[in-house]
Amino acid sequence: MPYFQEYQLNMDRADTVLDALMHIRDTLDESLTLRCSCRGAICGSCGMRINGHAALACKTKVQAMVSERGVVQVEPMNNMPVIKDLVTDMAGFWDKVRQVQPWLQPAGPEPEGEYLASSESMNHLTGVMGCIMCGACVSDCAALEVDERFVGPAALAKAYRFVADPRDGAGRSRLLALNEPGGMWDCTRCMECIEVCPKGVGPMDRIMLLRSRGIQANVPSTCGSRHAEVFADLIYQKGRLDEPMLAARTFGLRNLSRLLSLLPMIFRAFVRGKVPKSGPLHRAIPGMEKIRRLFQRMEERL
Amino acid sequence: MKFAFFPGCVSKGGCPELYQSVMEVYPRLGLELEEMTTASCTGAGVLQEKDLKLGDVLNARTFALAEQSGLPIMTICSTCQGVMSQANHRLTTDPPYLAAVNEILGEEGLTYRGTTQIRHFVWILLEELGEQGIRQQVRRPLKNLRAAPFYGCYLQRPSEALGFQDQPERARSLELIMSWLGLEVVDFPGKTRCCGFPLLTINEKNSLRMVASHTLDAKRHGADILVTPCPLCHLNLDGMQSRAASQQQADIDLPIWHLPQLLGLAMGMEAKRLGLTRHLVSTQGVLDKLGSAVAKIEA
Amino acid sequence: MTTSYEYDVLVMGAGLAGMRAALAAHEAGARVAIMTKVHPVRSHSNAAQGGINAAMMDRGDDWEEHAFETVKGSDYLADQDAVEILAQEAGREILTLEHMGVIFNRNEEGRLGTRRFGGQKRARTFFVSDFTGQAMLHVLFEQLMKARVPVFEEWFVTSLVKDTDGRCAGLIGFEIRTGQFALVKAKAVIIASGGLGRVFEPSTNALICTGDGMAIAYRAGAPLMDMEMVQYHPTTLKEKGLLITEAARGESAYLLNCDGERFMKRYAPNMMELASRDVVSRAEQTEINEGRGVDGCVLLDCRHLGRRLIHERLRQISEEVHSFAGIDLTKEPIPIQPGMHYQMGGIKTDVDGRCWDVHGAWAGVPGLFAAGETACLSLHGGNRLGANSLLDTVVFGRRAGRCAADYAREVPTPHVPDSTVGMEQQAISALLSRHANRDSIAAIRQEMGVAMHSHLGVFRDQEGMMTAKGTLEALRDRYSRVSVQDKGRVFNTSLIRALELGFMLDCAETIVYSALLRRESRGAHFRTDYLHRDDVEWLKHILLYRQPDGSSRVEYFPVRLTRWEPKVRIY
């Protein structure tokens, strides 16, 4: 059964949580088990939950974490089985990374010299290449917490790294694979991964870019892609959202049964005045031509 | 204090009780609101999935309109707030990007200079009224009410875009205000987690799992109600609660309140006028518990 | 209960050299596996920041110039035939890496871009922002996943086994997660387990850099060469010991003393901040010792470089100094000091990674190979140039992998007595069953590190080194009696740290021994009692062989010169 063990320490102002843990290990309790190596936020070994949120222990200052009662709470990362103390089993994490075929798949014959690639494209990739596979995003992912089949933010960020690499020739097949259940549409957009990433990778932002690219590449439509396209269309039409229409058009005719199963709830909402006017009864905001002009201008540049 | 009021789409659609309760409370708070009737939807993060830049252009237009009127923007929805904050962050930290956006806005005769402040109603209560201002408003202390906060992701992350570095209290805004209203604030781990709304039409099963998980957790920690500053969260936590309950085969029955409703009640207003009869998960039980201080509601 | 496995080629270590070797062996058709005590992407290669050198002929660069600068940088201790190969094969390796997917920086034409690095006149360092090592490491791991090379992940190797003819026959280790021992047999073993930085305190090195492979090879009878050549990197963050990449100086950052003076003009007027690392470290230490430092440090000034450049090319260190020292390097200079960084010495190999001489000029362990920082060809001699280590790992990792595969094809499967694993397990159990005394692994580690830093650092002398020798002897004695508090089987990091300490003591002893022997100053080995370089007596390598009683037997091996006669080294 998991339990908390308390250690009393005197630490220096500048010390990190890793310094504290190593201090415990070296002087108080040699059996305290954790992964750590570089101490400099580059190896990704020391991912753990500190005061309930995933972080690298070597990058987290004790002073910033200490509560009013003088306590810092340290636990292993979430969404992974625990092996011992602060060490989790990351086999599942790596299985999901492998799932996205994380190696360059160039198209065409290999050039004599280097593949030509613009400076912008390679600079752009330095953001997502900065991922050190620490697992913090996966630990705090809300979607993974309720569904372990979701491929997860780390794998998706890695998939983006290849979709955005001009040398990779498998972009379309990657997007098709990510279009499947458990893929890029299963992210709940909670931004935990962006918040906890110690390297500024912004996994959720990458997932959103994958979705954009998927839509642009005309992957088979799903509720996910339809949701985004219908939403945009509704704003184009009326400037503000027609919620019932959004639901109906997202589900589409194929999912009529889904819509019908929601009828009892819709009825109850209706009698309480919570079902807004829809379709032709939904009023557009004044000055729609201005909004539509913006849509058209943005469409032109694509 | 005068604000350009941006109510968002849902408070005028699926959650009219939110709009209703804001209209009831704001005059007494010394606020003046000028509703932005020509501003478009923020995109809610969904339009941004299709085209991020289009979203930024639409929001830049809204910011420019407010800037023109010389007013800061007030939102009443965590999602509107978050999406706008992120857009504003991008626009104000990347001058070439802002210039490119302004080129497009310029055709309408608008320019965004980057000065618009966008704040959620909850932050305005925190920063403009503060503890004294709020406590002064309380006519009916909500004793015996145990309430758990539920922020909504967009009001908590990413902290950089939401100004938490300069205003660290924003991370606890809801809890602070709730405590100043005199009720017992229930802390629970799910308070900053996701309600699942973005997944509702895409993966309903997972969406409802999140609803069940956090409402049951709040209940386990002793909450009578859950309070949220986001109508999208409300749609899922209240609207889909019974569906979540049957999916997870559990009894939930936790009323979900909008923050302005809580505020209004503490200010002595009538429950019905605050739209508390419109919820799918009935609030009657809680109102009864609050006792004779609260007017009985006709069913 | 033990299990046993068998491969043609077995690699110890999954850093750049290890993975490159494994991929090369795999491509050459061998059945290859890797044993590594951490997940491959946790390897210390990921800490290399600045870049990888290569002279590309089609850009008008000259491999001979790169080779010469490497030889000069080494203070003429490098074996020039090996250096020539390094310089000649560099261009091809860069292209291989780029084709694998490394996101190297580009110029305006979309071709690979370069920056300047220490000890070199021309800009020939290819890079990925300031995290080149990480960028390369992750791509090699991607290739490893693609090739489905089996990895014994989080397995701790305890010793090398040999067959009855004294040929290398495999490795023994235990799965960290379960404590389960196994013998992994192989016809060829490539040791690529990195350096030994933690022998020194402080060090830029990760906690896993404990000289495991060097010690294991040494115990099995392989020679360790040039162990006294320990590099101190000029720019490590004050007190923390974290590395600040040379690339900062490559992008024209300045080194200043307390008077705001660019003091390098008094030590290396031509190359200034980009002189070779030993020269810069000594200059800094001299400034500090003579009272012109700031709080025991000197200052690295990046302010004049501008936000844009810093964001594009030095983003990682900008984050790092902000995160770990609260400094905004666009506004303030960074306090830095020399810190132990790299081991030029290591397991003696030839240019194909073999730890035995096919011509019989020196003895080793047939079937044993080594590559990367663990090995010593010698490429880096008395001092390594920045951005040559990344190059070393891939060029010679590939060569070792290919040669090991070829070798494995020619030899029969080795025979190892079954009792070997059992004996190893018993030794570990004995260690675990020691009773507690007041001592601790951590205390012994710390004292060793401090003693080595104090006496085997930038400036050395007889007295200091003899003190260090005495300290090590006392620590060795304490080590034989210290207990391991965690007695469990599952993920016993206590046991691992105890075993690592044993490896480190072995390595430390060879460092001190060689340093005492070499009575001259050359490269990183600078003796205040023997100030000058002595090419008449000391243009040779020191090889140490372990004796049964624990002492070392010395052999000397002359430096191989091809084109360049040793000259006075001025920057």
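Order of writing sets the chain letters: A, B and C. Residues in each chain are counted from 1.
The criterion applied here is as follows: a contact is a pair of C-beta atoms (placed from the backbone, for glycine too) under 8 Å apart; a residue touches a chain by one contact, two chains touch by 3 or more.
Everything numeric in this text was worked out from a predicted model, so none of it was measured.
A.B. asks: Could you give the fewest steps needed to travel from chain B to chain C through chains in contact?
C.D. replies: Contact-graph shortest path, chain B to chain C, evaluates to 2.
A.B. asks: Just to be sure I understand: the centre of a chain is the mean of its C-alpha atoms, right? Then which chain's centre is nearest the mean of all of them?
C.D. replies: A
A.B. asks: Let me spell it out: compute each chain's centre from its C-alpha atoms, then which one is farthest from chain C's centre?
C.D. replies: B
A.B. asks: Quick one: report the Å distance separating chain B from chain C, using the average Cα coordinate of each chain.
C.D. replies: Computed value for the inter-centroid distance: 55 Å.
A.B. asks: Quick one: chain A and chain C, Cα centre-to-centre, how many Å?
C.D. replies: 36
A.B. asks: Need the CA-centroid distance for the pair chain A / chain B, whole Å please.
C.D. replies: 23
A.B. asks: Enumerate the contact residues on chain A facing chain B in the complex.
C.D. replies: 52, 142-143, 145-147, 150, 181, 185-186, 188-192, 194-195, 208-209, 211-212, 215, 222-224, 227-229, 231-232, 235, 239-243, 246-247, 250-251, 258, 265, 268-269, 272-276, 285-287, 290-291, 293-295, 297-298, 302
A.B. asks: Would you mind writing out the residues of chain A in touch with chain C in their complex?
C.D. replies: Listed in rising order, the residues of chain A that touch chain C are 25-27, 29-31, 33-45, 59, 83-85, 87, 90, 94, 98, 102-104, 106, 110, 113-119, 121-123, 125-126, 129-130, 132-133, 165, 167-168, 200.
A.B. asks: Can you check the complex and tell me which residues of chain B touch chain A?
C.D. replies: By the definition above, chain B touches chain A via 9-10, 12-17, 37-41, 43-54, 57-58, 61, 104, 107-108, 153-154, 156-159, 189, 193-194, 196, 198-199, 201-207, 209-210, 213, 239-240, 242-243, 277-280.
A.B. asks: In their complex, what parts of chain C are in touch with chain A?
C.D. replies: Residue positions touching the partner: 38-39, 41-44, 46-47, 58, 94-95, 98-101, 103-113, 128-129, 131, 134-135, 138-139, 142-143, 145-146, 177, 206-208, 240, 242-243, 312, 315-316, 319-320, 323-324, 440-443, 484-486, 488, 490-494.
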